[in-house]
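Next, two complexes with chain A in common: one pairs it with chain B, the other with chain C.
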Partner chain A sequence: MLKSVYNWIDERLDITPMWRDVADHEVPEHVNPAHHFSAFVYCFGGLTFFITVIQILSGMFLTMYYVDDIVNAYKSVDYLQHQVAFGVIVRGMHHWGASLVIVMMFLHTLRVFFTGSYKAPREMNWVVGMSIFFVMLGLGFTGYLLPWDNKAYFATQVGIQIAASVPYLGQYIETFLQGGEIVGAQTLTRFFALHVFFLPGALLALLGGHFFMIRKQGISGPL
Partner chain B sequence: MQDHNKEQQSHGKPNKRREMTRRQFLSYTLGGTGGFMMSLPLIANLRFAVDPLLQPKAESDWVKVIDVEKITDTPTAVNFEKNVVDGWYESDKGFGAWISKDASGDVFALSPICKHLGCTVEWEKNVNYPNEYFCPCHAARYTKDGKNLAVAPAPLDEYDVKIENGSVYLSQIKPNTRVE
Partner chain C sequence: MAHDHNSKEKVVYVGDSRVKKYKKNNVPLDYSAYPGNSEAFIPNFLLKEWMVGSVFLVGFMILTMSHPSPLGYPADPTKTDFVPIPDWYFLFMYQLLKYPYTSDAYVVLGTLVLPGILFGALMLAPFLDTGKERRWYKRPIASSLMFLSLFATIFLTMVSWQGYQHELEELNIIPEHLERAEKIAAGLEEPGGKEAEPIAIVNKESEGYEIYQKASCVSCHAVDLNGVSSMPSLLGIGDKHSKEEITDIIYNGFGSGMTGQAQANLDAGLTEADLDTLAGWLAEQKAPAGEEAPEEATESH
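What follows is the complex of A and B.
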């Protein structure tokens, strides 16, 4: 059944070469944990992506209940966590995944650094990777405010104060992030928009570039 | 691979045993494991999403709306508020009803929501149709019992009615039980 559906589409659009091009590639011995167990350090990039997929999935489902309004934000989070079936798991995935993605990304960065994989001709991929790192931090920062509890409120207060200490530009950054005079209604909608539209968009574009470059240049050689 | 093929040929019936190829084995085991790993977050997410479908219908409170004495054969409009819990949001939502007595003196209450497209019907709204509910949107008409005469596909819904200490109490809306 599946096979015949695939063949029907393939006859018309010739899709086999497309996914073959993506899927069929050599895994060199030095990055294969089956050959050298220590090669598991090469898995962290893939794990980062795997958790990112889980973050996107669980985040999409969370927005079915969440509202980015200061009156209802906390209540909706409380409701989805305690009243909706599996709410504690879905929010748990997003909560723990958010920390885990930073950990995995950091380990991936360490691997790239200590194997010297950032060197020519892969400097551009290092720069894109660093951009991904900062977008991820931005996602963590904006997502932290959304439950609108005390922890979220004061963490954002402090975060914005730090951003405001940038020389010359600080006060503009502060107003841009806050959306108003105080951390309040306008900050919450702003952070929500950044968290679910702008930053994920930037993240997906950067990930596309990251993966394109690694496929184009191949994985770096053994030490 | 080479030895394996030779062994099969030596038995004299190639392809009869239909042994699994290495590619098949790998795609089943890796696909199975990968599918299992992805299914856990997916199942949790999907159950989370369909939760409203599986929630039991909320029980409605009884709301006192009018004194029994005020009810006549002619439908009377009443408006009342009912506490509605909508997820994390709780509010008093406005409802309307047309209350009247039937031939045997029983009190009944109809919902004013037109069964055509949900506008609000009114008793004798149109002078051309006396003794009927009339909907101003598309001229749907109903009898006093709520039976649909024109346009609407179903009779007007009915409230659960209770009379206590000389007052009429209304609760849930249910399909009309007074007409076929």
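What follows is the complex of A and C.
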């Protein structure tokens, strides 16, 4: 049944080469933990991606309740946490996932570094990877403000102050992030937009590049 | 190296990648063409990998369910005594700004120069470390710089966290999200950010109210029923005990904290009928419909 549906579509659209390009590739022995247990370090990238998917999905559910204005932001998070069925789990997944994704990304970066996998011909992928790293930190920084409790507020205030102390550029960064005289309604809507649209967009584009390059070049060879 | 073919071979790859050096046709190679125990990603490898993913997911869900994510009190920009703390992975940069040569007049060193060198070098690592050697122990400079940065990052993070804990201790502050979680658990506060509103006294005009004011109860449960210091409140007690139960409590006491009170009150001039009226009135003390005291609130009394 499935096969005939596939064949029917394939006949019209010739999709076999496409999915072969995307998914049909080999897993060499030296990165397969089934053959060498120490190869588990090669799983960190995949696990980072797994948590990234969790972040995106749980985040989509969070936006069903979250309201990005200063009167209701806190209330909506509190409502989600205490009243909505499974709200505490959805918020928990996003909260803990945000830390875990940083841990995993860090471990992945260390794996790539210590196996020298960033060397030719994979320089570009390392640079893309570092850009992903910065986008992730940006997601962490902007997401921290959204619950709009005192911890969120004052951490963001200090963060923006630090950025503002940078010579020349500082004042522009401050205006861009803060949007007004103090950390307030404007800041919250900006951080929300950055956290939910701009940065995930950048992240997905960069991830696309990352995976394209891995697929094209294959994983680096054994040491 | 795995995919290194020498130039006499028909197919020449770029480095050890699978990008062919000369344009050939694009038919994927059979897996037997690759060295060692290579296997197909789909389905062979993925079928094993999803099990790793499931184990990971179970651990993650246990963490999530056993540790609800924190939420303090609504942001109040006029607050001045809040100790700010960023998320843990920013702590090392935060701590960096607290040293003499990275703060005040030299703050540029802490905000721009040092992080710039660190992240700049990381970003450009492939162009700085251009040797062919990949094993970390044969790349002493790159590896030791990385170990050094790792050590510095971990050290700064720990110092920052300890400093934060120390500051909290010194100022005798409990972080708000912990404070609030405790209060909610103790029933002192309702989720929603507001203090739990005390339940009002029902039927103040009743004779029962007057008797209560004369009875020994006030010395512990207070004239407003809310309890003297740590004594339990009797507000809304009717949601918990019936008239018969309260009569029993008056005569025989309750738990370890309250002995039978009937004799003392009879001695003080109240009659058994008064105590009956009192028990009846207390049983009327119910929270307004739909606003029953939270479960934990009644349990902790």
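Keep in mind that, in the parts below, the second predicted complex is superposed on the first by the 218 of 223 C-alpha atoms of A that agree within 3 Å, B and C clash if a C-alpha of one lies under 4 Å from a C-alpha of the other, contacts with A are read in each partner's own complex, and residues count from 1 in each chain.
The working rule: a residue touches a chain if its C-beta (ideal position, glycine included) is under 8 Å from a C-beta of that chain, and two chains touch if they have at least 3 such contacts.
Fair warning: this is a prediction, and the values are worked out from it, not measured in the lab.
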item	value
Which superposed partner A:R111 touches (first chain B, second chain C, both, neither)	neither
Partner chain(s) touched by A:Y79 [first = chain B, second = chain C, both, neither]	both
Which superposed partner A:E123 touches (first chain B, second chain C, both, neither)	second
Partner with the higher number of touched chain A residues, chain C or chain B	C
First (chain B), second (chain C), both or neither touched by A:G184	second
Partner chain in contact with A:G87 - chain B first, chain C second, else both or neither	first
Contacts of A:F61 with chain B and chain C, given as first, second, both or neither	first
Partner chain in contact with A:P167 - chain B first, chain C second, else both or neither	second
On chain A, the residue positions that both chain B and chain C contact, one per complex	54, 75, 78-79, 83, 89, 93
Residue ranges of chain A in contact with chain B within the complex	54, 57-58, 61, 64-65, 72, 75-76, 78-80, 83-87, 89-90, 93
Touch list for chain C against partner chain A, complex	1-4, 14-19, 28, 31, 34-42, 44-45, 48-49, 52-53, 56-57, 60-61, 63-65, 67-77, 79, 82-90, 94, 97, 107-108, 111-112, 119, 122-123, 125-127, 129-136, 139, 142-143, 146, 150, 175-177, 191-193
In the complex with chain C, residue positions of chain A that touch it	20, 23-30, 32-35, 43, 46-47, 50-51, 54, 70, 74-75, 77-79, 81-83, 88-89, 91-100, 102, 110, 113-123, 126-127, 130, 134, 137, 140-141, 144, 147-155, 157-159, 162-163, 165-167, 182-184, 216-218, 220-223
In the complex with chain A, residue positions of chain B that touch it	41-42, 44-45, 47-49, 51, 54, 87-89
